[in-house]
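In what follows, chain A forms one complex with chain B and a second complex with chain C.
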Partner chain A sequence: MFKAASRRRSATRQLLGESSITGPLMTLIVVFILCSVFVPNFLSLRSVSGIVNAATLTSVIAIGVGLLMISGEFDLSVGALVAVGGYLYAFNTMNGGSPVLAVLLALGVPAALGALNGLILIWTKIPSFIVTLGTRSIYRGALWVLSTGALVQTLEDLTIYGIFNGRLDLLNSLSPGANFRTSLVWLVGLVVVFNFVLTRTRYGNHVFAVGGNPGAAQAQGANVNRTKVLTFLIAGALAGFTGVILFSQYKSVRVTTGAGMELDAIAAAVVGGALLSGGSGSIWGTLIGGLLISTLRTGVVLLDLPFIPADNFEAVVGATIVGATLLNEWVRRRT
Partner chain B sequence: MSDNGQETAVVRMENIVKRFGTVTALDGVNFTVNQQEVVALVGDNGAGKSTLIKILTGVYPPTEGHIYFEGRLVQIRSPREARALGIETVYQDLALVNLMSITRNFFLGRELVARVGPLHWLRLREMNEQTRASLRDIGIEVRSPTERVEKLSGGERQSIAIGRALHFGAKLLILDEPTSALSVAETQKVLTYTLNAKARGLSVIFITHNIHHVFLVADRYTIIRHGTLVGNYDKGELTHDDIADLITGKREA
Partner chain C sequence: MKTYHWLAASVTILALVITACGGPPATVEVTREVPVEITKEVPVEVTREVQVTVEVPVTPQPEAELEFILVQHALCAWDSFWCTVEQGIQDAAQQMGVKVTVLGPDAFDLEKTAALIDQAVAGRPDGIALTVTDPVLFKEPIMRAIDAGIPVLAYNAGAGPIKDGIPYMTYLGQDEYQGGYLGGLRLAAAPGAKAGVCLNHQVGHAGLDARCQGFLDALKEKGQTAEVLAITNDPAESQTIISDFHTANPDVNVFLTLGPNGANPFYAFLEAEGLAPGEVWHGTFDLSPEIVNGIDTGVTQFAVDQQPFLQGYGAVMLLTLLRRQGIVPALPVTPTGPGFVDKSNIGIVKQLAGQYR
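After this line comes the complex of A and B, so read on.
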């Protein structure tokens, strides 16, 4: 029996690439139960769908940011790339543009800019935190110039907007207040695909190795530079895709769109068990991190406590991030 | 080397000179490792041991000199080329990724994959089985191949790196200070694996400045000091004290 349990444990561990999601999952469940009990109007499909929608945006970006953190790098420019993707998608879908071209550009240009972050890191050997702190402003600045700072919005109701972030009527028919979006389907697809890529492919194996011990990775024949550039490219493409789903739902984009999302994404990855020093983390954990942050925000807003006004919910979220990280560390030492 | 011209050396480095700017790190060193022989490369810190090995493993090109591998003149331009020849190095710090499983470390850079069209995926079950079997072959029993390396002791980590080199068909195994951070019991284990490797037909270069550790396993000692060869000595030819004196230069060869 003991042996069977240990075999099962090792099978789970393999599924998750040797990274535990026990800590993040426990935190999410506890927070959700606490909110359900103490927060009025929390336990309804209406607020749950709201939580999921907000978590989707954070989590799509956080998949890329999480991969980068596992490989030992940061990307602070992804928030700006959300806006870049949003503008390219908006300009090319509106007024009868080609939807295919729009999506290709909205993913391709942020992907190229992401890869550029990686190349600058390799050429200059400046830490990625600093490189992307710079490109974060450069990319948004360039967008400001090219877009002339204009807010872009549309009243058109194109099929493509429905595909990327329309109403998910299958789920919404369950309850009148529910507002699940098709972006949820995209998120689930991305999580499954990238979990597979991270835990079941050569590239994924090298992402862990490059973040865990770059010297050993190089000595064993993993291409450290190629792995890093490819990971930055993926992070850029996912940021661009976030711009696509944002515009598909709200049908407006401005230069400041996505500002601060890079920090939410890092928080989601960390809460989900990614190590700041690299070499450990998971895609499922990152998704749980995104959900946890979103749950807390909604919970605090609905709670409307006198000493924690709704516009100060960031403090509660911040405290939870620190707490969750401590819990993850504690669980990690024990497994 | 035998007299009939038949090459018995796995590797023969001739007249190796390495200069870094105005500093001469190696000044005409000859170094040979024969088939199925454990050679201890000994010398004090900074004597030129690492430089010599880095030339052999393709990290540095030599300024002068030739390298023969299995009798053929070779130029080793990168660690990858060294590995393709069958030269596997177990570095002290660069051996394993601690946060990854034993299996994932074992196959790092040489993962077994299944392919369908442009897609591929890791054959994890097969890699786990091969890792366990291969380590068992050389006398290492792991609790689970999916266990993270950080949970293992220093000696277990060294042994896994050695097992990996054996598994991938090394002809020449280079152990860089494999025992310097280990307890006495663990050192014993690593020495046993070294002998196992030799029994399987490998040649081993054992780099160390601790002569006590190699006394039990080395067939021959090559001693270098200040970038020059002090001499080659067969097992039993020298006592501990002799070797120590030759390393420090208290006694000339």
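After this line comes the complex of A and C, so read on.
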């Protein structure tokens, strides 16, 4: 009897421990339950839809950034690429432009610029953190010159905007005040697709291998350079897509759009279980990380605590990012 | 028995200590007011050496060919707000028959801007106008200009020679605090206005913080409460923050945004909540197509306009009048704003937007 119980326990431990999303998922569930109990007005579709919306833009970028982190690289230029994608999409949809061309450009150009990051990395062998620290300024600077610094805004209500980030009335009809948007559908779709790519394809296998041990990966036949450039390309495309979603709802893009999003994306990926050193992480974990940060932010604002003034709650969010990461480490070591 | 006495004594003392320290109060008064610690005055040592009077050239020269250099912390090339300022500068230069050169850095870089001030001094112009974006950093180069006998005035950014502690002629621009204060008075007077919030998308930016402080003070004067809510550069995050704040504070129906960056997620919030004009009252700073539309449709009561054209035009004009006719600006602060764009003048503004407004 003793032996059977211990076998059962280790099997459960094995199941939980193998998945790197255990820590983040547990944290998200616990935080959600605590907020539901202690925070007034938290448990409503209106708040939940708000949490999801606030996390959407960052989470889409974070899919690409998380993928890169698993492969052992960083891309700090994704924020600038959001603005590039946003501008290209804006210019080509406004005033009767072609939506198809708009989307192709908004995805293609940032993808190419992302791939350029990867190529620079391979040619110069400078760490990607430094390369993309430079390219983020170059890309944003080029955007400034090409756009002459103008704020681009439209009041048009086009169908394409509704497709990428319109009201999701299918869900909104469930509850008054709910504000789900079609960007949620795109986000979930992307997470499912890229999770499949990461866990079930040879490319995904290579991403893990290259991040864990590039030398061994190369020896086993993985093309390290090609894998990295492809991953940078994907991250760029996703950043461009974020610009598309952003402009589709807010109908506004300026040169500084997306500034800082690269760090938010890294935070989401890390809270979701990705290791800064590479070789570990997951797409679902990245989404969970983004949702966790957003849940905490909403919880703090709704709680309306007198000693956390409404102009300073970001400090709480920051503290919890550190806390969640420590917790992930602890869970990882325990299992 | 002795042990028992010590124990009883210890417990009694412990109980007394705990009672003395006090437990949580029975009721907690939570007001919506948050004391924001931003002083109106810039904490600068004002000594007798700061003179507001300017050395006027002994002989005004009505026919003089004049050359001025203007130094800005931003340029039209990468910030479209400045295109209107530079339009003013060029129009004034043309109409007054003077030569102007505009210097500015390639990106927001105060050190570089300070270096450009020295470059301007080296050019030995008949006058220098500049943005006093950082009175501490710019003090030395400006003093070098003044010591070299070049008249200096500030435009767009600054707080006046007394508050900045630098003896330039005058500051030509908007008083940020006044903009928030007068805007706050307008909103507080709206029918049904109960409590307000200032949506600050860049807490720590001295100008924006001053706008919020003015707004807070105005509402407090009218017996309403107000606080500052920090939003971010991410419009989706900001929209949710505003929405959550509204859920937690349903009596807040007065909103002030500090620019197009703050107004954008706010309009998205209004649309998502289905709030109509009259249910909430909104005022903002600066203009954008969305904001102009908001004023037109009655969603937004006003936009505070610092009249950038006048800043550029006025800078060149004042320097010209000084050199040619010996006319000196009367006050340390020559306001160009806050000007209010609302339903009464939105028609004119729409026509001139981008060039003159």
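Note that the second predicted complex is superposed on the first by the 316 of 335 C-alpha atoms of A that agree within 3 Å, B and C clash if a C-alpha of one lies under 4 Å from a C-alpha of the other, contacts with A are read in each partner's own complex, and residues count from 1 in each chain.
Everything that follows uses one rule, which is that contacts are C-beta pairs under 8 Å (C-beta built on N, C-alpha and C of every residue); 3 or more make two chains touch, one makes a residue touch a chain.
All figures in this text were calculated on a predicted structure; none of them were measured in a lab.
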Put the two structures on top of each other at chain A: do chain B and chain C fit, or clash? fit
If you tally the residues of chain A touched by each partner, is the higher count for chain B or for chain C? C
A:Val37 contacts which: chain B (first), chain C (second), both, neither? neither
Partner chain in contact with A:Ala217 - chain B first, chain C second, else both or neither: first
Of the two partner chains, chain B (first) and chain C (second), which one does A:Gly50 touch, if any: first, second, both, or neither? second
After lining up the shared chain so the two structures overlap, which partner does A:Gly279 touch, if you call chain B first and chain C second: first, second, both or neither? first
Taking the superposition on A as described, I'd like to know which of chain B and chain C A:Leu155 touches: first, second, both or neither. second
According to the stated criteria, A:Arg202 is in contact with first (chain B), second (chain C), both, or neither; which is it? first
When the two complexes are placed on top of each other via chain A, what is the minimal CA separation of chain B and chain C in Å? 35
After superposition on chain A, the chain A residues reached by both chain B and chain C are none
The residues of chain C that touch chain A in their complex are 28, 30, 34, 36, 76-80, 106-107, 197, 200, 203, 227-230, 232-237, 239-241, 243-245, 247-249, 260-261, 264-265, 268, 272-273, 288-290, 293
Can you list the residues on chain B that touch chain A in the complex? 79-80, 83, 89, 91, 93-101, 104-105, 107-111, 113, 120-122, 124, 144, 146-148
Can you check the complex and tell me which residues of chain A touch chain C? 40-41, 46-47, 50-51, 53-58, 141, 144-145, 148-151, 153-155, 177, 179, 246, 249-252, 254-261, 264, 294, 297-298, 301-304, 306, 309-314
Residues of chain A touching chain B in their complex? 6, 10, 13-14, 18, 196, 200-202, 205-206, 208-209, 212-213, 215-222, 275, 279-280
